[in-house]
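So that you can tell them apart, the chains are marked A, B and C in the order they are listed, and the count of residues begins at 1 in each.
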Amino acid sequence: MRGVGLSGGVLSTGLLEQEAQAAPPAAPVSGPAAVPITLRINGKSVNTSVEPRETLLDTMRNSLDLTAAKRVCDRGTCGACTIIVSGKVMYSCTMLAIDSQGKEIETLEGISAKNHPIIAAFVANDAQQCGYCTPGFVVASKGFLDKHPNPTYEEVKKGLGGNLCRCGTYMGIRQAVVDAGKQLKGGRNA
Amino acid sequence: MPDYSWPPMEKRRIVGKRTSRLDGPDKASGKAKYPSDLNPPGLLHAVMLTSPHAHARVKTVDIAAAKKFPGVTAIRVISGPGTEVQWAGTEIAIVAATSEAIARDAVALIKVDYEVLPHVVREDDLGKVGNRAKAAGEQVTGDPDAAFKEADAISENLYSIPVITHCCLEPHGQVIAMKGDKVDYWPSTQAVSTVGGDLAKYLEIPASNVHVQMDYMGGGFGGKFPADRWGVESAQLSKESGGRPVKMFLDRETELTIAGVRPSAFANIKIGAKKDGTIIAWQSQSWASGGFGGGGMPPLPYVFNKIPNYRLNHTAVSINAGSARAWRAPNNPQASFLTCSAIDDLAAKLNMDPLDMFLKNVGLTIRPDTYRLQLNKAAEMIEWKKNWRPRGQNKDGYMRRGLGIGISTWGGAGHASKARTTIHPDGSVEVELGSQDIGSGTRTVISMVAAETLGLPISMIKVKIGDNLYPVSGPSGGSTTVGGVSSSTRKAAVNALQKLYDIVGPILNAPPDRLEAVDGKIRMIGNPDKGMSWQQACQKLGVNTITEMGENDTKRTEGLNTGGASGIQMADVSVDIETGVVKMNKLVAVHDCGLVINPKTAESQVLGACIMSVCSALMEERVMDQQTGRVLNADMEFYKLAGIADIGDIVVHMDITPDNDKRGVIGLGEPPAVPGVAAIANAVANAIGVRVPSVPLIPSRVLAALNGRRNA
Amino acid sequence: MQNFEYANPKTIQEATALLGASWSDANLLAGGTDLISLMKEELATPKRVVSLKGIKDLGGIHKSGGGLRIGATVTFDELLENAAVRAEYPSLVEAAHGVSSPQIRNMGTVGGDLCQRPRCWYFRGGEGLLGMKNGKSLIPGGENRYHAIFGNGPAYFVSASSLAPALIALGAKFKLVSASGNREVAADKFFVAPQNETTREIVLAPNEILTEILIPSAKGVKNATYEVRHKEALDWPLATASVALTMKGNSVANARIVLGHVGPVPYSASAAEKWLAGKTITESVADEAGKAAVADAKPLSQNEYKVQLARVAVKRALLEAGGKKA
């Protein structure tokens, strides 16, 4: 909602250049123009090119056709963009793609390719309506189950506090996670 | 004429059985592609510039710098010089570019000069809105003044419920491509069959030139019927960019600012009853705003609309804020909250159990027997008699527990809908409708009805919806979809089956009207050995197919669907009286909706509606700032929605009975979204001993009420 | 978001060399949970973003002189998983649990929590840190339900940090490093109430990095945090109290009581701290201490309720620290 502002494409770095002469940075600096990056997503290396300002979510959705993660609040609140990075659930709307290199990124596309039981449990318990929050919830649930096998309802409630649904599918989600936990107990297949 | 009526309850094999939604696996695995997920080749992205002022006149719009920005393919001024902007967030200009970031950078280069005009963005204090208030004429029935004199108890209070937004998780928007006067349109919509026509009107092209497709959409709740300015302008941007597809979805701030709201409702209500609890008089002075267009009167007194003596006054208030759109059961949740709060307060004045008060007055409703049954059922589920105490008397340390009641009514008869059923020689079946599944399970319901009718498993039915080339089916609003599509599908399938019987009858040496389709066979009624498999029967079609239409004619529904749903919800809450934080223990919901095709997804509708009510009762409100004229909480951090731990337990009872079943299919999307706010607000009053007159029941308001103040 | 150049240094020294004299030169990126949103709103428009994730020296939790040294990029999750933290600093554990989103706990860092910008909706809406319009603050006459009940302006926002009250109560120190040297700042001196739009709410300079948090031993110090939150799901607290009580037998020898989300800086309730000395924690003592803690509160037009919430938070934190269930 801002009517005037500087364009991001034309950067004035005069001050930085002066300082750079005084104390040359030892670490490489990239951008602001697009730079090639390599991401590890669902066990594969993916090459693409991004401006440093691009979020991982936007890179996945716009450049890699990985559209399971959704852009909803776009401010790290609602969880629709949830992915797993180095084994931990995170909001991909609030990470830079360029800053996500060298980490194992798991998205719902990867989780569903492995037929994780959480997916069938979501279906069986009708833990979805419009389905737009669902991918984020499934990933958050998978990440939660990785750490809390066979959880109770109370643990599920605490464990999924970073995701929001508007249609109101929480009762089904709660049951789905508990059910999937029971299935996973003993024979983890994820 | 064939018999279209639903098979008797006991003979149904699929309809009425709990069935998992068919698109569940695609949604839960992330394979489902929503309009906002589409990335067709050559895709451009559009970003809008919106007004930061709530009321202003546009003086100049300078797009020169933006136009020259590398990567920009087209730019359009939406509100040119002279336009009077009536709310912050009004669309000013739109830019298409090769990436969203470029479009955003270019938008930042547009310079707009405004003449800022005075604004009013709040309606809570009627004394401060000046000439923005427009009173409607007074309505009087009976003699309210005399009746209040006769009353043994009178309760009077000012109640209010604020503006809330739809907050659809997939924002409004579309991918659209316009070449010449032909448009390919992938909107996030509740109206696949009609949204193309809406768009065409603004583009001044024939409606038939717009091809609408949508497999999935991320939530509408009443807010996604029109093509919207951003749809029309994106089409023009596409055209100006050589027909390349343009993607434009609102950002969250804009979504919560201009994409529709539920109007507020404020009411001074005076209500009087006899000693035995019989309500005899009602008087309300209400006001409401849904934005610049004002706000109509909620249906007061709600459900108890046979109160013999009443006087109604209402004032619509126009404010400089984004406009109202239908929001799940328009005006009903507000009316239910206002009415049930007043009745509950009156019961407290009479030292009466509100359950008894509601039961005492069911005669003032249009469905006394239904409400009596539902009140008793809900009371049993929440163990009312065991758990209810008079106001403020259920104490445990600093916690207070309470129960409350809310009520709903709704129409929900099926909309106009056409379906086409095609039976192929290989036995496969297609059902096509220009309908949409907005998350309510429409796809699944259509397959269930077709499968039931044709005696086939659901897996043999291919449902095709989400395309306006299919037969016209109404928008998903007013809880009309399930009645409409189930009836049209039923009729199309019956018609197609008749054609198959006509072919198979002579071969089986049986009159076609003596055949039935059961368990994948066509056989003679009463003589199951005389028949052939579905596959064999279809092979007899040779190279032909059977294609038959079915139509739900809203004036003649032939008993397949009807309107008129009732519901009761009861809430059990605990309130921390030191912090004012309200905790949901339980919400029970009893609803009837005639013949229930899929109890599983029907229950999901009720559960979801209950959760929305928890949000509205405890958290949700749009916060407008009179100084800046803007929405302060157009984000998902301070526009608060309940999370998974905030809802307590919810128990649903669908009134599935032979009597209800006989009525036919009734829509369910809206009725359960009505009573929850009232039930929760009443439960809080019961818990803490005083009325918190304004929802949401945030800590500040709960504590203010406990401290004897009206406002925080 | 405006574009920027990105650097990913491996050492603190490399990182400090990449910083500039002004906030518009370079910003530090750790968990990103605040910076990315600020950049999307163009409230932060740095020419360079320096990622701290690759700097090993900024991570880890180690014993140090009887206390703990917590690296600035330690995440909330790592903090919660740490046995030493769990054993000795329940007030930190409770404060970290108050961030009820696992995603934020996995991303958000201790340093980021301390350096995050206020959530004031006028500030986030582009009205400036103090929300000044025509020389007058928008907040006293505006929508101030979430704003400060302590302080006399012109800053009415509340400090957003979840961990600061506990760290201040525990007597923590923060280490700040720049290309020209190091300094240590007491936790309570790290936060300042800005007097104009151009100053910040923390003393960290644009060319400095908050590298570590040093917490003294809390052996024998009973500590607890109580947060009043509206929602169970991710939500900002309405009021927080962290207490640390050095005991002498059954009575309090020395008390630290620090309130969060009630003022532009975490509020040290010194009157209540003094009053509590020599007392045994009982329900009524805790209640009185709560009252004393908010005696100087000056609520705005819509936030008087926060005075009560702060009072209750102090009471409940004290009862919890004292081993009495709140």
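The working rule: a contact is a pair of C-beta atoms (placed from the backbone, for glycine too) under 8 Å apart; a residue touches a chain by one contact, two chains touch by 3 or more.
Everything numeric in this text was worked out from a predicted model, so none of it was measured.
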Chain whose mean Cα position lies farthest from chain A: B
Chain pair with more C-beta contacts, A-C versus B-C: A-C
Rounded Å distance, chain A centre to chain C centre (Cα mean): 26
Whole-Å gap between the CA centroids of chain B and chain C: 41
Shared-contact residues (touching 2 or more other chains) in chain C: 1-3, 100, 232-234
Shared interface positions of chain A, touching two or more other chains: 1-2, 5-9, 51, 53, 74-75, 77, 157-158, 160-161, 164
In chain B, residues with contacts to at least two other chains: 101, 104-105, 630, 635, 637, 642-645
Partner chain A, residues of chain C touching it in the complex: 1-11, 13-15, 17-18, 20-22, 25-26, 29, 32-33, 36-37, 39-40, 42, 45, 47-49, 51, 53, 77, 100-104, 106-107, 126, 179, 232-234
Of chain A, residues touching chain B in the complex: 1-9, 51, 53-54, 58, 61-62, 65, 67-75, 77-78, 80, 107-109, 112, 119-120, 122-124, 126-135, 138, 156-158, 160-161, 163-174
Footprint of chain C on chain A - complex, ascending: 1-2, 5-9, 11-13, 15-16, 19, 23-32, 51-53, 55, 74-77, 79, 82, 85, 88-91, 93-96, 98-99, 140, 143-144, 157-162, 164
List of chain C residues in touch with chain B within their complex: 1-3, 100, 119, 121-122, 124-125, 127, 133, 138, 141-143, 145-146, 228-236, 238, 302-305, 308-309, 312
Chain B - residues contacting chain A, complex: 20-21, 23-25, 27-34, 36-37, 39, 49-52, 69-70, 88-89, 92, 99-102, 104-106, 108-112, 167-171, 216-221, 251-254, 438-441, 600-601, 603-605, 607-612, 630, 635-637, 641-645, 647, 649-650
